[in-house]
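Read from first to last, the chains carry the letters A, B, C and D; within each, the first residue is number 1.
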Amino acid sequence: MYKIGIVGASGYTGVELARLLVNHPDVELTVATSRQYAGKMLSDVYPNLRGLTDIVLEDVVIEDLVNRADLFFTAVPHQTAMNIVPAFLAAGKKVVDLSADFRIDDAEVYEAWYQTHIAKEFLEEAVYGLPEINRAKIKGARLVANPGCYPTSIILGLAPLLKNGIIDPSTIIADSKSGTSGAGRSASVATLYCEVTDGFKAYKVGNHRHTPEIEQEIAKLAGQGVIISFTPHLVPMVRGILSTIYAGLAKDVSQAEVDSMYQDFYKNERFVRPCAPGTFPATQFVRGSNYCDIGCKVDLRTKRIVVVSAIDNLVKGAAGQAVQNMNIVLGLGEASGLHVVPLFP
Amino acid sequence: MYKIGIVGASGYTGVELARLLVNHPDVELTVATSRQYAGKMLSDVYPNLRGLTDIVLEDVVIEDLVNRADLFFTAVPHQTAMNIVPAFLAAGKKVVDLSADFRIDDAEVYEAWYQTHIAKEFLEEAVYGLPEINRAKIKGARLVANPGCYPTSIILGLAPLLKNGIIDPSTIIADSKSGTSGAGRSASVATLYCEVTDGFKAYKVGNHRHTPEIEQEIAKLAGQGVIISFTPHLVPMVRGILSTIYAGLAKDVSQAEVDSMYQDFYKNERFVRPCAPGTFPATQFVRGSNYCDIGCKVDLRTKRIVVVSAIDNLVKGAAGQAVQNMNIVLGLGEASGLHVVPLFP
Amino acid sequence: MYKIGIVGASGYTGVELARLLVNHPDVELTVATSRQYAGKMLSDVYPNLRGLTDIVLEDVVIEDLVNRADLFFTAVPHQTAMNIVPAFLAAGKKVVDLSADFRIDDAEVYEAWYQTHIAKEFLEEAVYGLPEINRAKIKGARLVANPGCYPTSIILGLAPLLKNGIIDPSTIIADSKSGTSGAGRSASVATLYCEVTDGFKAYKVGNHRHTPEIEQEIAKLAGQGVIISFTPHLVPMVRGILSTIYAGLAKDVSQAEVDSMYQDFYKNERFVRPCAPGTFPATQFVRGSNYCDIGCKVDLRTKRIVVVSAIDNLVKGAAGQAVQNMNIVLGLGEASGLHVVPLFP
Amino acid sequence: MYKIGIVGASGYTGVELARLLVNHPDVELTVATSRQYAGKMLSDVYPNLRGLTDIVLEDVVIEDLVNRADLFFTAVPHQTAMNIVPAFLAAGKKVVDLSADFRIDDAEVYEAWYQTHIAKEFLEEAVYGLPEINRAKIKGARLVANPGCYPTSIILGLAPLLKNGIIDPSTIIADSKSGTSGAGRSASVATLYCEVTDGFKAYKVGNHRHTPEIEQEIAKLAGQGVIISFTPHLVPMVRGILSTIYAGLAKDVSQAEVDSMYQDFYKNERFVRPCAPGTFPATQFVRGSNYCDIGCKVDLRTKRIVVVSAIDNLVKGAAGQAVQNMNIVLGLGEASGLHVVPLFP
């Protein structure tokens, strides 16, 4: 029974980690922090957890909590993470960081899109935690950089095509749509019910911070530098990301050949479900689960391929993938604690 | 490993049973029927189940399927159930019936609110499957009549007050609000997205068929005949029932005394969570789970008590309670397969 | 062409006034205030108004603005209103106040439910602005207290019954459900999209501040003191209040007689639409409009009557009724500017 | 006062026409047909219209109704329209057809995407009714082919760029998202509340029938043949289309230059509102209105431009644009009856 801590347990990602961990057979939640709600029970802040955990939220005082867990999830904003992760590592703990701070290999790129990095010495060691691509490296890692939600949906959607040289990487356009939980639980006018419901909009057009992360990982798969267009949108729903990804075909290929590539590429992956030929995913069929569903269309009329991938942004796009990474790091069954059936309707 | 059949697996209640059973450690889903989708995989009709079950839907031919399971859930409309349940019982099978056909003790009352009953001989034997009230009887039952969704929320909400003689049963008014999944998956204009969303209405004012069921069970708890006002409403949400129940106080009582009654009455119940004093439930905190959350307010100004109870209509109001009944009938752990954390947000 | 000012134009009620006034043929919007957004164009804060008004929001400096309009709407919180309304009256202006500050006749009652009142001298003069009940008094008023949203739906729903002595006023229970726009546009966790959507809850059970306002006006119609039970609920929708109101019958009466009473009582009212016998209202059919739709059920089984009324809380429950009051006060056509067809779907 | 008929008045587009016409100062609704609801009042089928129109729905018997109006809207499915439009024209009536039947100039293209065309002789005469592009031709037209909802949003979004030669037409990708009202009011499982809400999906990937219509009109603006990628998506909202359109830059251009092009191109258009530089549209700010809001981003990093346009699919994407066309055809003020303020929140 490993002991696990969540730093930042009162945000939507933090409590999603708690949701998965209270039913996890091999680990125990021993630490949960929240500056805002310190002293309160987590189940008072999130009454869905009543009867399932008695854990009390506490302020982040690293020396008080560092020895009470074997592995820590840091579910905090970028810049905050880089200030606390080193202390956990120094104490010999494993860390799965859910912020962006250790995802970008090149500190200059990070600093161009975010702000100054004060823990650059860990960038090389940090492993980008997309198990379907990087499982071997995650196994031995001390520090896993859990991928962003949009990057997860886009990289998993494109990986088989990039690996097989099917598409021209210079033509990639990713049009992504996210549920509102991705914006977190902070009080803000922009995410009020009345502002979001029955509406739809694009945001951060051409300058969302997930862009360099996507480009970095796609470049590795493509074996060449890549610049992509990426536009995120806000959907009036809670959970889910659907990415519609366009790319020019680099060679003649049939729909059946591409369908086989996806089936083959993901044949041993429990959490990626290629759709049946001719069908496409919908976010409601992965709701609450760690699945990534993927469909694609070879469009010979336009000489492009269209890939559609769907995840739950809080699960495969955040907490679920983090638990998957934890399982790998700790040598547990990779799906342990993740046997959640998508909730539909 | 018990074998389980679902008759009517392609409705929302049927697929909810499947969602719970595919992760149940002690049973195996061996039969799933659907007239409309016979021949298709259940996971083609409900893609959330892809990778979790390979079961193929089949038409209802009782002699073909009756020996392939130990217990059958009949998740079919009233009147249909009475036509098939007797055959399962005759074959020595257990049945948990999710229709209304075996809930009403008095055939005359049933026939006044529904239609002619053709299997009256089973009414006396059938056990009303509300475990928190009837657990002992359910244990030995062949035929469990799984309660209606509205009745579950109202009876659990009132039971401690009725048992303690706190309220005047002749004054009960239950104002209930349900998510749209209660209307089922049939194509109909009234439940189209555009008709339901961003709107609210009452329906079947004064004549909903759950009325006699509620009155029957409340009368047993009160030890006297009871007539109630019951008004259901349609909420633009998928899952959840919230019942706001009003009753005149029959005696002087304090808020603290009533709070204690609820704590005491449900202290050994895993699936009923009385709210902390001064707090009230919300349907989003029971979403996807088998919980019933209950809060109450003793209003000395009006000499009434207001009880608010919340369930997920598809779980504690249907499939979850049915699995709970199955567990009791088969001698399994009562919560087996029901360790689903409410999905929030 | 009358000149009109809105104090508090950047809240949902304030901008709803602007929506109605920009198309009003007889008035001109000359002042719009907002502490938070002073200096910005109203159409930058609410882009739906782009191209329809160039008005710039300004801070509330009464001496700067008091002479730039003939009538002011004060769409501000209670307690704020009492601090500014007297200055407008002193300058000879008409005021339609949308706060609660001048609705309660008895200062002691006000202070028991709100806080100290500092402008009690205007309570007697203020007219409760429910035109269907108080039209004659509104005509000559300087200060109109625009009714609360819940009270509007409940009083209009009960007025014909009270006037005709059909119900026992001591038995009234009003179970009301409101869209989320009633909570206003302040940033708060409780009204975030992810907290509200796909959920339902009661709030302020037994102690909502609209209670004394409802009791006061019902008492006038009943000709006797009245204490009611009132429970508000939050619906995952933007606009709309539906009130389900229960009362014991005081005399034998048929459904047809009661239906006639409603038709008769409201036969000259443009904005109240009694439903056809046997049908009930839904909030989506009054969305965006100044209508109040009402249906009722005489339930001889329980000896109670159930009334269901629906309004758009921002229109008939706030800004629309305020414009209706303005029209009456200024001697304009009562429906002027209010010819908005309910938006459905 | 012109007399107007609506053929197909009980669908969402038909009733939206009625919503706009009941408040139109220059026309009178004299005919409304519906096979399904013949004999019922329109306001019984759509209670939002109670008190606003007494019109009774009738079956479509052309000889009975053709002389009772000056202009007919045909709000019927493709293939149905081509069967009835010729009769109206033969009787000397004007027609604004909201189906696809007369939008495609080339009958072969039409037949490749739809089915056999039986009224090809009208294709040349029919005018594509996008007033901002084709106003002069619409003025004298007998038969206006009202544009599709997706094409309206995409063509208006791209027109300034195409006219100015800013983009390479061979690189256009249009990723569009629509509210559910676009699917109409037919009972179908796919558009039930529980299937649509809290979910997001793509549909008809690579083969939606609006593709040739978009390509045809874009080709005219570009002065060359164009093939585009077009992917529609279903958003859990009622009204609104947001199109995100990508194209490679054909020349060096600055953000400021492009912003000016949009301002200039649409400077005399009442219903197109270019967004302020750096801002983008959202569907909730055009809800219920005839506006098209457009924002754009010149992305020098990717050498592409991203255009985002938003309309209400039932108004500018259907009924509102049809009324605009009617106004032009009949010589009325182009905005007559269309002064509806977008409903927000």
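Everything below uses one rule, namely that a residue touches a chain if its C-beta (ideal position, glycine included) is under 8 Å from a C-beta of that chain, and two chains touch if they have at least 3 such contacts.
Every value quoted in this text rests on a predicted model; they were computed, and no experiment measured them.
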Sharing over half of the contact pairs with A-D by residue number is what counts; pick that pair out of A-B, B-C or B-D. B-C
More Cb-Cb contact pairs, comparing A-C against C-D, go to C-D
Approximate Å spacing (C-alpha centroids) for the pair subunit A, subunit C: 46
Using Cα averages as centroids, what's the distance between subunit C and subunit D in whole Å? 36
Specify, in ascending order, the residues of subunit A that touch 2 or more different other chains. 12, 181, 194-195, 197-198, 236-239, 281-282, 284-285, 287, 345
Show me the residue ranges of subunit B that touch subunit A in the complex, using the header's touch definition. 12, 15, 19, 22-23, 44, 46-52, 181, 197-198, 238-239, 270, 273, 275-276, 279, 281-282, 284-289, 291, 293, 314, 339-345
Taking the touch rule as given, give the residues of subunit A at its contact with subunit C in the complex, in rising order. 12, 180-181, 185-189, 191-198, 236-238
Subunit C touches which residues of subunit B in the complex? 173, 175, 177, 179, 194-195, 197-203, 205-206, 227-229, 231, 233, 235-240, 242, 244, 246, 280-285, 287, 295, 297, 299, 301-302, 304, 306, 308, 310, 345
